[in-house]
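Look for chain A in each of the two complexes below; its partner is chain B in the first and chain C in the second.
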Partner chain A sequence: MALDEFDSESRIFSAVGTRPVRPDGIDKVTGKAMFGADISAPGMLHGAILRSPHAHAVIKSIDTSAAEALSEVKAIVTRADFSDKVSRGNADVLENVMAGAKVLYDGHAVAAVAATSAHAAKKALKLIKVEYDVLPHVTDVDASMQDGAPIIRDDEIKVEGYSANVMSRSEFGHGDLDAGFAAADVVMEKSFKTAATHQGYIEPHACLGSLGADGRGELWCCTQGHFVARNICADLLGIDSTQLRVVASEIGGGFGGKTTVFIEPVALALSRKTNRPVKIVMPRDDVFRATGPTASSSIDVKIGMKNDGTITAGQAILRMQGGAFPGSPVDMAAMCAFAPYALENVQAVGYDVICNRPKQAAYRAPGSPMACFAVESVVDMLCNQLKLDPFEVRLKNGAKEGTKASYGPKWPRIGLLETVEAAKAHPMVKSALGPNQGRGVSCGFWFNHGGETSVTLSLSQDGTVALQVGTPDIGGSRASMCLMAAEELGIPYEKIRTTVVDTASLGYNDVSHGSRVTYASGLATIKAARDAKKKLCQRAAKIWCIDEEAVDWQDGQAIPAGQNAGGHDPLPFAKLCKSMGRTGGPISGHFEATPEGAGVSFATHVVDAEVDPETGATKILRYLVVQDAGKAIHPSYVEGQFQGGAAQGIGWALNEEYIYGEDGRLQNAGFLDYRIPVASDLPMIDTEIVEVPNPGHPYGVRGVGETSICPPLAAIANAVSNAAGVRLTELPMSPPRILKALDDA
Partner chain B sequence: MADLVTVQLYGSLTQFTGGAASIDLEAATIRDLFRELLAQHPALGEDLDSRVSVSVDGRIYTESLFQPIAPENEIILLPRIAGG
Partner chain C sequence: MGKMHITTNINGDETEFLCDADESLLDVLRDRLGLTGAKEGCGTGDCGACSVVVDGRAVCSCLMLGAEAQGREIETIEGVAHGEDLHPLQRKFLEHAALQCGICTPGILVTAKNLLERNPDPTETEIRYWLAGNLCRCTGYDKIVRAVQDAAAEMRGA
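What follows is the complex of A and B.
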C-alpha cells in the first residue's frame, strides 16, 4: 500500500489529542471486566500441567495409570496427543508446550490432567510417574558457548569456534573499524552482563478451551493476539484454523509475553479427549518457570572518541541466550545497539545461544534495552573521562534524516535530536545533585511494526458507530480508535464503541505487538471511516439527486460542494444513518491490508539517583522520559506508555533477575523473591511528548509502547555509577552488587 | 525485462551467498528480488521471504511482495522485524 499517508502538518484536530475517559476504565476499576480466569462454562473440567523438576533430561517413560485410576480424573494428555504434522515454524512452539523425548529446562511441561476440580487435578499430577535420565545442563550464556558445554539440542556446529549451542551469528555495520579507532583520542572498552527478566504481567495466563472430536471448537484466553493463537493451536492440534473460534479476554498485562501460546493447546487437547470444556489457570510459579522471560546477555563494547566528543568508531559483540530454543532477540539488539548515532565506522556482531532455560518470549523492544545499556554506558564513561556534556555528545553524533543507520539503511525523517534537545532544556536537568547522587542520560531506539490488519466500522440507525478491531487492547487502544474514528467522521467520541471481536467476526489481524496497534489498527480505522464517509456522501448525492462528486463531508455532515451542487441543507451523520435502510441499505466501512509505514521511534531519558554507600540501596529521585510519538492520539495513554516503560526499566535495572541454582532450577519463581518495583520504589515519572510526524500514517502516528523501555537500563546505570563513583556493568544493580563494586573500587 | 537493482545483505545471510554482501539482480518488485536471489543463491532457502524484512530507502517492508523497487533505491535485507 502507499507509503506517504500523512495528511498535513497544518491539520487542526478536534478529537485527536484530547484526553477523554477510556471506555473500558469503569469496568476495570469496578471488577466487571472479564479477564482470562473469569471465563467458565457448564460441565467445565479443570486442567493442570506436570512440569519437569530437571533442567535437562531424557524422558524414559511416563506412567499415568495411577492418576487415571482417580474417579475425578477425566483425561491425561502427553506429547502423543498433539499433531505429528506440525509446520516447521511451530515445531519449537509444540516442543515448548509439551516436551517430546527430552525436557530442556526446569518447568518444561511433560503431561497434563483434566479433572472435575482444580484440587483433584493437582492431586493427580502427583500420581504421574515420570522416569528421567538426567543430563548435564548449562544456564549461563557465556558457559553455553564454550567447547565442552552440555549440548542441548543437536551436536552440529553452526558457528565455527563455538559449541553447538551457538545457533547463529549475525553482523551489521560499515566503514573501517581499525581506522576509526586509530583516529580516536580515547578508546574505551568494557564488558557487561544483564540478567533474564520476566515481563511481570500481573494476570497469569488463563484460558478455557472446548474442542469436539469433529475438530470444531472455541477458545477463550488472555492473549495479545487471538488470531495467531487460533492458527498455532489449530496447527498443534491438526485442525482447520477457521473451525476454531477464539475470543480474547481483557488482558492484565502482556508486554510481549502473551504473543504466543503455552496452555491453550493443552486445554484444547484435554477438551478433545473428554468432550467437555477445560479451563487452565497458570499458577504464578509456572508463569515464571515456563513462560518466556526475555534473554540474558553478555556484551562487549568498544568506542573511540575524539577530545571534542566526535565518535570515530563503535563496536559491540553481543551474546544472548533465549532459553532452550533458537531465536533470542540478538539480531534486533545488534541492530539497535548504535542506532542513535551516525557513525562512519561501526560493527555489531550477535550470537544466538541456547541454554537450559525456558523459551524466551518477546519483551517490549526485544533486545534493544540490553544493547542500549552497554553502548550508552561506554558513551557515558567517555563523557566523564573527557569532561563532556552528555547531551552535547549525543547532539554532536546523533542520527538524523539522511544519515546511515548502523544496521544499514539511511534514516527517513526521525525525531532523535528533538528528544535530546527537549531533555536538555527540561527543568529537571537544572536540579542540583547532593552527596551520593548522580545523573544518568541515555538515548534509545526501537523500530515499530505494521502487520496484517482488518477493521470494520458499522453505522447504526441511531447515529452511533460500532467499530470492530482484531487487536487486543493492551494499552488503551480502544480509546485511541474511538478518537480517530470520531476525528474522521466528525461525531462525538462517546457515539463510538470499539470492540475487540473474535476470530470468526473479522478478517485476520496480527498480534498486538511491535508498538503497532495505534499505528496499524489506527490507520485501518481512519481508512474504514473514510470508506464509510464516501458511502454517506453517495447517499446524500442520491437524496439530493446530484453527482456524488458534488458532495463533501464536513464537521459530521454531508454538504453540497461546488457551484452546480445546488442549495441543499446539510445532511447530518445521524440523519443519514436513520434513513440508510431506505436509501440503499446498511452502511459499513472496511479496511483490510498490511500497512508498512510504521515509523521508528527514539527517546531520551534522564535519571537522578541516590546510592546509599552503607546498604547499596538505590533510590530513584527524579525520572524524565522524552520520546517522539509522531502524533499523540490520546496523550494520557502515550504518557502512560512512557511511564510504564520507565517503571519496568527501573525494576530490570535494579532488582529483577532469574536466579538459577547449581541444579539448574529456578530459585525465585514468585513475586516475593522476584522483585518487581512497587509504587514506593518509583518517583513521579515526568514525561514530555515530542511530535515529529511519521509520513506513513495519516495523522503522523509512531508506535510508542516499546521505545520507552530502551533507555532506562543505561540511564539508571549511568546515574547509579555516577552516584557511586564506580562503574556498574552487571544488571540488576542490586544492593549486594553495588556494595561489591564499592568494595572492589 | 526489469532493471538491475543492488541489494545489500546483513551479516548472517552472507554465509549462504558465498560471502557476497552486495548482489546485483534484475527485479522490479520485492517478489522479483526474492525470486532472483533464490535463483542465484539457493542456499538462502525457500522460506527466505518469511525470515527477512526489506528496507527500501529506509522504509522497512515485511509483507509487501509487490512493492516496486528501482535501481535508484537503497535496498537492504534485514532480519524480520517483530516486537513485544
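What follows is the complex of A and C.
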C-alpha cells in the first residue's frame, strides 16, 4: 500500500475545507442540466424491451413476425444480435442484458424493439409471442441452499453439503474460536435476515446509442463509469472499444446501481440494425424488476464477552443471494463484519447463493450494512445483558492503528475510536428518552478503493485551468476537484473548470465507486497540478536564465529560490500562462496511476427512535452521524454523504424490501409500494466530521460516500429493540413485523 | 386518430402544440416543447420529479394529459429564475448544498416555491409534509428543508 503520500499535519489549507457553490449548480437549479433521458438526436428511434413474466423458464420460441409487420417498427433484436465471443468476465452481463436459452427472473429481458415512437415501440412489444416452458423457481436464500431446491444454472455441486445454487464459500479470520468462546462469561448467538433493497435512484436508466455497421459509434448514458460501459458494450457487440465514444450525461443518482450496463448494449444493437440513433428510457417498474438491487441475507452471529465488556471471540456465518448470477457481496460482508473490533479469535464465513431474482448490483458499501446489522445487534444484546455502556464497549474493543483486521491487514492510521469518542460526547446522547423510546448505537466500516485513474489539467493563456477527469460526478465531485486544483496551484476556485470528459478524450478511468472519486481523482488532480507547476517553474527558469532547480512554486507564483537564483520578481501563474506560447508551448499536467492508499473509513451512528405499540410504526426522533473523512475537501458535500447514507439506511431498516409472491414475481415494483423515505418521515440528521488523515493521500482524504450506510441498520435495530423491549432480528422492521415481535414476546 | 391542437401559457409565453389524446403533459413538455427540466422518475405520480404548477397548483405533470393544458397557466422549472437573477430558493439550494445528483431538484424547487407563495412562514413540519411527494434519494432532506427555511426567511425580509 502506498501510505507515504500524506504531506503534513501542519499544512494550512486555503481552498480545501471551504464551501463554495458547486460549478454545475446553476444548471441544476434551473433545469438546464442534461441527464440521461434529456437528449434527442435527428432521426432518432425509440427502443423498448420485452421482459419475462416468469421467474424461471426455458424460452422455447420467440415469434416477432406480428411486431415486425407494424410499419412503425424498424428493428427487433434478441440474443442472436449480440456477440457470441463475449469474454468470460462479461458472459453473465450479456446473459443479464438479454436472456439466452432460459429466463432466470421476473423481468429478465427477452427481446427489444426500435420504433418511430415510444408509443409504437410499447405497442409492438405486446405483439411479440414468446413461448415458455415454465420451471420451478426459488427466491429465498436459505431455501435455495437446500437439497432439492430448483437448480438455476448448472447442477454441479460447488460447495459440499449444499445445493448446486451455492456458488462458493469464503472464510476469513484468525485465532482459536473455541478457546475464545470458552474464555467468555456470556456467549450470545442470534440469527438475522435482511431483505433485498434497491438503490432507488430517482433517475431511471436512460441512453441514446448510435452504431454503424463499421463498428464505430457514440453512446450517451447516465452511468457511474463510461469507460467501463464502453468496454462492456464493445465486448457484447463485438466491436473495438475505442471505436465507441461514450459520453457520461449528468447522473441522477447511482449508489452503485449504475456501475454496469443494462439497456446500453440493446440500444446500440438496435441502432446497428437500423443505422439510426436509438433512445431507451427504462420505465420505473423495469428499474425495480431488472436492475439493482442489493443482496438479501441470512446471517448467524455468535459473540463471547467477559463481564467487563472484553470480546473474547466472534463468529459470523453469512448467506447472501445476489440474484441468478454468482457475485453477491458476501465476501465483502464477511470481511466487514468484525472490522470495527480488535479481536484475537474471529471467523467470518460467507456463502454466495443464486436465486431467481435480478442480478444484484453494487449498493453503497456492498455487503457491509447487513453484516454490521447482525454483529452490532449481538454486541448491543451483550451490552444490555451485562449492563454495559455501548460506547465504552466499543472503545474497549475498538480497532486502532496496528490492529490486525479479521480479514488480514494490519490497520495503518484509522479514526474509529475518534468517532466513538465524538459520538459519546455529543449533546444528543444526553437527551432524555421517554416511554416507548430507545437509543441505538452502532459502528460501521468500509474499505474504500483506489482504482485506475487518469487526469489531465490544461492551462489556458488567460490564467485559467481546464481539468479533465474521467469519473462521473455523482455527488458534487467537480467542486472537490476544483478545490484541490485551486489549493495546489494557488489560484482561485473560480478559475478552474472541471469536466467529466468522454472516453475519447482521456485515458482509462474506473467507475465512480468504492468512495474513490475524491480520493483517487483528487490525488490524480493534485499530482497533475504538481506536474503543471514543475513545468511552470521550468518556464520561469528559462525566462530568468537560471537552473530550474533554482525556482520554487509558492502561493500561486514562481519564485527564485536559493542563493544563486538572483533577485527576480516573482512570476504569477497568470503571467506564465500568458507567455507560454513563447516560452515552449502549451502546458498541461498529467497523472495516470492506480493509487493504492485509499484509507479505510469508520463511523459511529446514534439513533433515538420511538415505537408505537398500537400500530408498530417507528418514528426516528434524532439521528447522529459521526464519521472519519480523513480531510473534508468540501464539508457540505461530506455532510451530504453522511445524511444521505443515513436516510437510505433508515429506509432499509424500516420499510424497504423486495416482496416476491408465490409465483416468483416481484409484487412491489414501484415507489408507491416500495416506499423510500420521504421528507416527512425523517428528522434533521446531525453530522460531525472527524478528520484523522489518511496516510495514502496528499491531503489525508478518505472516501466518505459509503461508510455512512453501514451503521444505520444496526443502530436503528438497536434503538427499536430497546424502545420495544423485544429484539428485532429481521429487516425491514415494518409495522406488521414489530407488532408480531411484540405479540410473540 | 388525429392530434389535438392545444393553446396554453407556459412560463408566461403563449404556446401552441399538437399532441395525442393520451399523451401526458410531461411528455408534451419534454418531447414536444424541449422543456426537459421536469423529469420522469416514475410516470405514476409517486416521485414528484415532474412537478409543475398549473393555475397556481403543484401537480405531477406525468398524471395530467397534455390536452388538459388548454387555456391554463403552467409554470415549470425553466420559469423560476428571472433573467440572470435566480429565485431565492434556487440561490439557497446552492448555498446550502441542498442537491447532490440534482435530478429531483427541479421538482422540489417548483413545489417549494408553490408552498412559499401560499405560506411565507412554514414550520419545518409543514415543509416536510408539503415536500412529501417529492422523493430525494441523495440528501436525506436535511439540507433541502434548511434551504427552504432560509429562502422563506429571506423572502419575508426576516
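Simple rule for what comes next: the second predicted complex is superposed on the first by the 742 of 745 C-alpha atoms of A that agree within 3 Å, B and C clash if a C-alpha of one lies under 4 Å from a C-alpha of the other, contacts with A are read in each partner's own complex, and residues count from 1 in each chain.
In this text, a contact is a pair of C-beta atoms (placed from the backbone, for glycine too) under 8 Å apart; a residue touches a chain by one contact, two chains touch by 3 or more.
Quantities reported herein were computed from a predicted structural model and do not represent experimental measurements.
Of the two partner chains placed by superposition, only chain C is touched by A:G31; chain B is not. Once the two complexes are laid over each other on the shared chain, residue contacts for A:W544 go to neither chain B nor chain C.
Residue contacts after overlaying the shared chain place A:G644 against chain C, while chain B stays out of touching range. In the superposition on chain A, A:Y660 contacts neither chain B nor chain C. Within the superposed three-chain model, A:P412 lies in touch with chain B and out of touch with chain C [touch as defined at top].
By the touch criterion defined above, A:R19 lies against chain C but remains apart from chain B after alignment on the C-alpha atoms of chain A. In the superposition on chain A, contact is made by A:I251 with chain C only, not with chain B. Touch criterion met: A:S168 reaches chain B, while chain C stays clear of it.
Comparing the two interfaces of chain A, the one with chain B and the one with chain C have residues 199, 255 in common. Across the interface of their complex, chain C is touched by residues 19, 21-22, 24-26, 28-35, 37-38, 40, 119, 199-204, 250-255, 281, 283-284, 474-476, 634, 636-637, 639-640, 643-644, 646-648, 670-672, 676-680, 682, 684-685 of chain A. Chain contact summary for the complex, chain C toward chain A: residues 20, 30-31, 35-44, 46-47, 49, 76-78, 80-81, 86, 90, 93-97, 99-106, 109, 124-125, 127-129, 131-146.
Across the complex, chain B is touched by residues 1, 3, 88-89, 168-172, 199, 255-257, 259, 331-332, 335, 349, 361-366, 405, 407-412, 446-452, 513-516, 594, 596-598, 696, 706 of chain A.
Chain B meets chain A in the complex at residues 8, 10-12, 47, 50, 55, 57-64, 67, 74, 76, 78-79, 81-84.
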